[in-house]
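Think of it as A, B, C and D in the order they're written, each chain with its own count starting at 1.
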Amino acid sequence: MDYQRILEEIYREILPFAREGRAADYIPALAEVDPDQFGICIRTIDGATYCHERADVRFSIQSITKVFSLAMALGCEGDALWRRVGREPSGTAFNSLVQLEAERGVPRNPFINAGAIVVADVLAERFDDPEGRFLAFVRSLCGNDAIDYDDEVARSERATGYLNAAIANLLKYHGNLRGDIERVLRFYFLQCSVAMSCRDLACAFGPFADHRAPFVFGDVTLTASQVKRINAIMQTCGFYDEAGEFSFLVGLPGKSGVGGGIAAVCPQKYSVAVWSPRLNGKGNSVMGMKALELLTTRTEESIF
Amino acid sequence: MDYQRILEEIYREILPFAREGRAADYIPALAEVDPDQFGICIRTIDGATYCHERADVRFSIQSITKVFSLAMALGCEGDALWRRVGREPSGTAFNSLVQLEAERGVPRNPFINAGAIVVADVLAERFDDPEGRFLAFVRSLCGNDAIDYDDEVARSERATGYLNAAIANLLKYHGNLRGDIERVLRFYFLQCSVAMSCRDLACAFGPFADHRAPFVFGDVTLTASQVKRINAIMQTCGFYDEAGEFSFLVGLPGKSGVGGGIAAVCPQKYSVAVWSPRLNGKGNSVMGMKALELLTTRTEESIF
Amino acid sequence: MDYQRILEEIYREILPFAREGRAADYIPALAEVDPDQFGICIRTIDGATYCHERADVRFSIQSITKVFSLAMALGCEGDALWRRVGREPSGTAFNSLVQLEAERGVPRNPFINAGAIVVADVLAERFDDPEGRFLAFVRSLCGNDAIDYDDEVARSERATGYLNAAIANLLKYHGNLRGDIERVLRFYFLQCSVAMSCRDLACAFGPFADHRAPFVFGDVTLTASQVKRINAIMQTCGFYDEAGEFSFLVGLPGKSGVGGGIAAVCPQKYSVAVWSPRLNGKGNSVMGMKALELLTTRTEESIF
Amino acid sequence: MDYQRILEEIYREILPFAREGRAADYIPALAEVDPDQFGICIRTIDGATYCHERADVRFSIQSITKVFSLAMALGCEGDALWRRVGREPSGTAFNSLVQLEAERGVPRNPFINAGAIVVADVLAERFDDPEGRFLAFVRSLCGNDAIDYDDEVARSERATGYLNAAIANLLKYHGNLRGDIERVLRFYFLQCSVAMSCRDLACAFGPFADHRAPFVFGDVTLTASQVKRINAIMQTCGFYDEAGEFSFLVGLPGKSGVGGGIAAVCPQKYSVAVWSPRLNGKGNSVMGMKALELLTTRTEESIF
């Protein structure tokens, strides 16, 4: 498969959509990013890498980080994790408090904010230095020690993060957040602030594309079955209330972030990361969605 | 892969669960079925068939029929269908009116009852004899002209089907049901009443497991992309509010029915049907779920 | 209190609002009514009557009828009625199915459509000729045998009444509608079709304004406590999701209808009916609301 | 009317219910109160006072305080207050976040927690020393400078008040809480911690029972119309999701608190306060509800 040529063709084909959508601007650090950027990187399971455009520019991965924190929590808690968070699509917007209240504090899945805050609490309870451990795990996945948190982004998020604070308080009320609310929120926002390039992300998602290779990164060890199940959750829950749409149009397990990034895997073939800051009404990258739809159409490689 | 041996081992392993759950009994025709039956059939894409236990006993396929009606409607309407029904998981029980009301009559997906009633309306509007056309399509998929509706089941369902009648009236109120309510409901219940065996179902789902073969059955022609997208919708929406669970445990696109049947596909490998009437609290076959979970664990063949 | 002068002053004061709002037009019989009409009638508990403008024009009383059917059902069932319908404000739009589904078929109160349909079922179950009995009761309340159903309105309502049919089916599903759905709906729509003038309504609500007089009309006998409790339910539930607003601005128990009528009582003082077809966004008469607000402001007579 | 005798008779009649229900125990200060106490006090608008049992024991008035804070906010903001809080019954439990989220941060009414927190924010924004001003107002209403906050109760509430903190954060997210969250919550919990006896409360509610007397207490001046409208809101919203029930059974505007107190007014006749810590499933005092139901039945004095 000539991925390099395909990436170049895709880019030409999606250029007409380059001004569609709006970048997130709820914190200064996101508002200041040039919205008219695009990068993409494919990494096959045998390690070949194909990039196009700004594949080496780092951006705020935001919610894509939830895949890493889920992997880490599943590695240390095993199936006990599922007592505190579900694995069903939510059917409502990613930050909805309604379901959380109706279901007495057990978030629907680890990829809505409530679920990711519970996962952060699990890690904060388990480790003395969860921030250090988490970063070490992500660096190990990427094989790149330059990956780091962006403190300014994390601080900005916390300063305006009233909705996440509401969620954390509601979780605490229902007994499903055990640590100190401020500490857990700070850790949660730090996780989201990690800056990575498409190349970094493609590399970090590589192990999820190949359940046959051992998953041992930093302190985190996952079984083949756990790797596949993380993919299953990405498939049904990775795109908030556009999960069905992504599954329908793209047909790969993936996870998006409000910074404009999307990472996805084609099991036993490749991992892919794409980035473009302009978002559609559901909070997912316009050009990123288009690029991945064309990718699986051209290659005829999807999980279905 | 020695599927025959695997099926036999799976059956032995799930026997301890044979008395778990309760068969549906809301209509006499379902209540009278012996609940302690089990059948399974795998059909590979090159046509080999592996059966175990009562794979040739016919049962009421119920909601599994929604895959056939979606395929038929997509074949004749194309993407125009998506103006009348969505493709997102619902997040609520399969028969919930709440979402339908909040979203002004556009059902979340074609596999909740509201969505399937809209699909029935689409077919009833398009064809003079939708009942005949639909049956011809299903017979063609199975290559078996003995497949038929069960009028008694259909009549029973309609006689007690107040919730579906409520849904149909609500759709009509919102302008998303164009035909006569009674006619559409009768057609809908007829579709659900089709009686098939595991062998029939494995055969009928064969074309969904292999998007590379042409999909031309009766009057219905689908593109490879349409076939894959039907699988995508099964993946995210095929199991009501247990879609995430099935994706997580089994990792295949599939569809369940309240008669105790489940059909699923492993793209480019096989289609599979399993049947056992006792249901879990979410309305899915207890032994059927277990059997498929073991199948993908043993074979290490899932879409992830 | 010089009610006649007050009514005339009020009318002058509300004239600037005469073109605000829109009359209901979902059935032809309502759409054909001249929207620019206004009538008002006060009847004191000692029988004096004060009218202004078109107080003798008959209009479709619509939901105001729910007070009469509640009174009749309470008269024959007593407190057993409350097993089938609640008496709490609903907090959602008058026709919402959400609450009904969440609360398993027991409507919040007898003044939302679901509750009134249950009340109609109660009467249809109790009487061989509920239509005749109900009409006799209303005629007796008014002391006017010319009061009648408007068959054309009732037929129109049923022909387009998909939402109410959805509600009736949902009630049936939950076991809280015992009769035949079509018969109950027909009776319900007949009740709503009664045509009355402001003078008729003021007369019919007279007995609710004076719990000290015996309440014996047709076959219906109520205790003083039952009369007061019907007022209490009007107070908290009489104006759909504008009940708080009416209580706040007007301060009287009352009931509105989509035909533009409002009837209210000032206990131990008077009953009042006002009519003007143009409705606000909540479905209540614009001029009717203003007129009653001014009435209790001028007279300083409210229940608070 | 021989209120003293009536109070004594009522007490005898409700004694069989003395062990029904459970006192609130979510904070130590409430858990330590002897649950088997009862007090009642009526104060007529001409100043006569009738007490029975422990009418002089002070208890935590909790949500009853919301009447005072509403009065104070209405006095200083006038109708501008209604831009930030509604006046409709909520239809859901008093602490529900669902409605607040659906209605974008404007609480349904000032008596649910969200509404009272907005009112606290209004006062905290308006005054340099809101705590002092509020206490002065309540003391002035009671004519008793011994009335005070209970700091221990307020601190306990805050320490476990995760649900209210969630609400405050959600209000902040929607832009309807302007001050510092911690400061507003502290003020809110202080308000709820005020300790008063039945005699104090009957006195403090006296001015709400008589809109003809000038309402000038401390810095707070209300018009007759404002007084009546506060009563109207008590009527429709004073008892959480039991407002309809209280209106139906008792027929007076009133407000309850989780400490077991209820205050109510019979306009132009009397104010009444009752206290007994054991609560029913809706969070309202069992004996208090019964006592007031009997009071309006015996005296035949209700607003209907």
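The rule we apply is simple: contacts are C-beta pairs under 8 Å (C-beta built on N, C-alpha and C of every residue); 3 or more make two chains touch, one makes a residue touch a chain.
All values reported here derive from a predicted model rather than from experimental measurement.
With contact taken as defined at the outset, there is no chain that touches subunit C as well as subunit D. Of all chains, the one whose Cα centroid sits at the greatest distance from that of subunit C is A.
In whole angstrom, the spacing between the mean C-alpha positions of subunit A and subunit C is 55.
Between subunit A and subunit D the centroid-to-centroid distance comes to 47 Å (mean Cα coordinates, whole Å). Within subunit B, contacts with two or more other chains are made by no residue at all. Put simply, subunit A touches subunit B in their complex at residues 86-92, 99, 108-109, 211, 224-225, 227-229, 231-233, 235-237, 241-245, 247-248, 251, 253, 267, 297, 300, 302-304.
Those residues of subunit B that touch subunit C in the shared complex are 96-98, 101-102, 162-163, 165-167, 169-170, 172-173.
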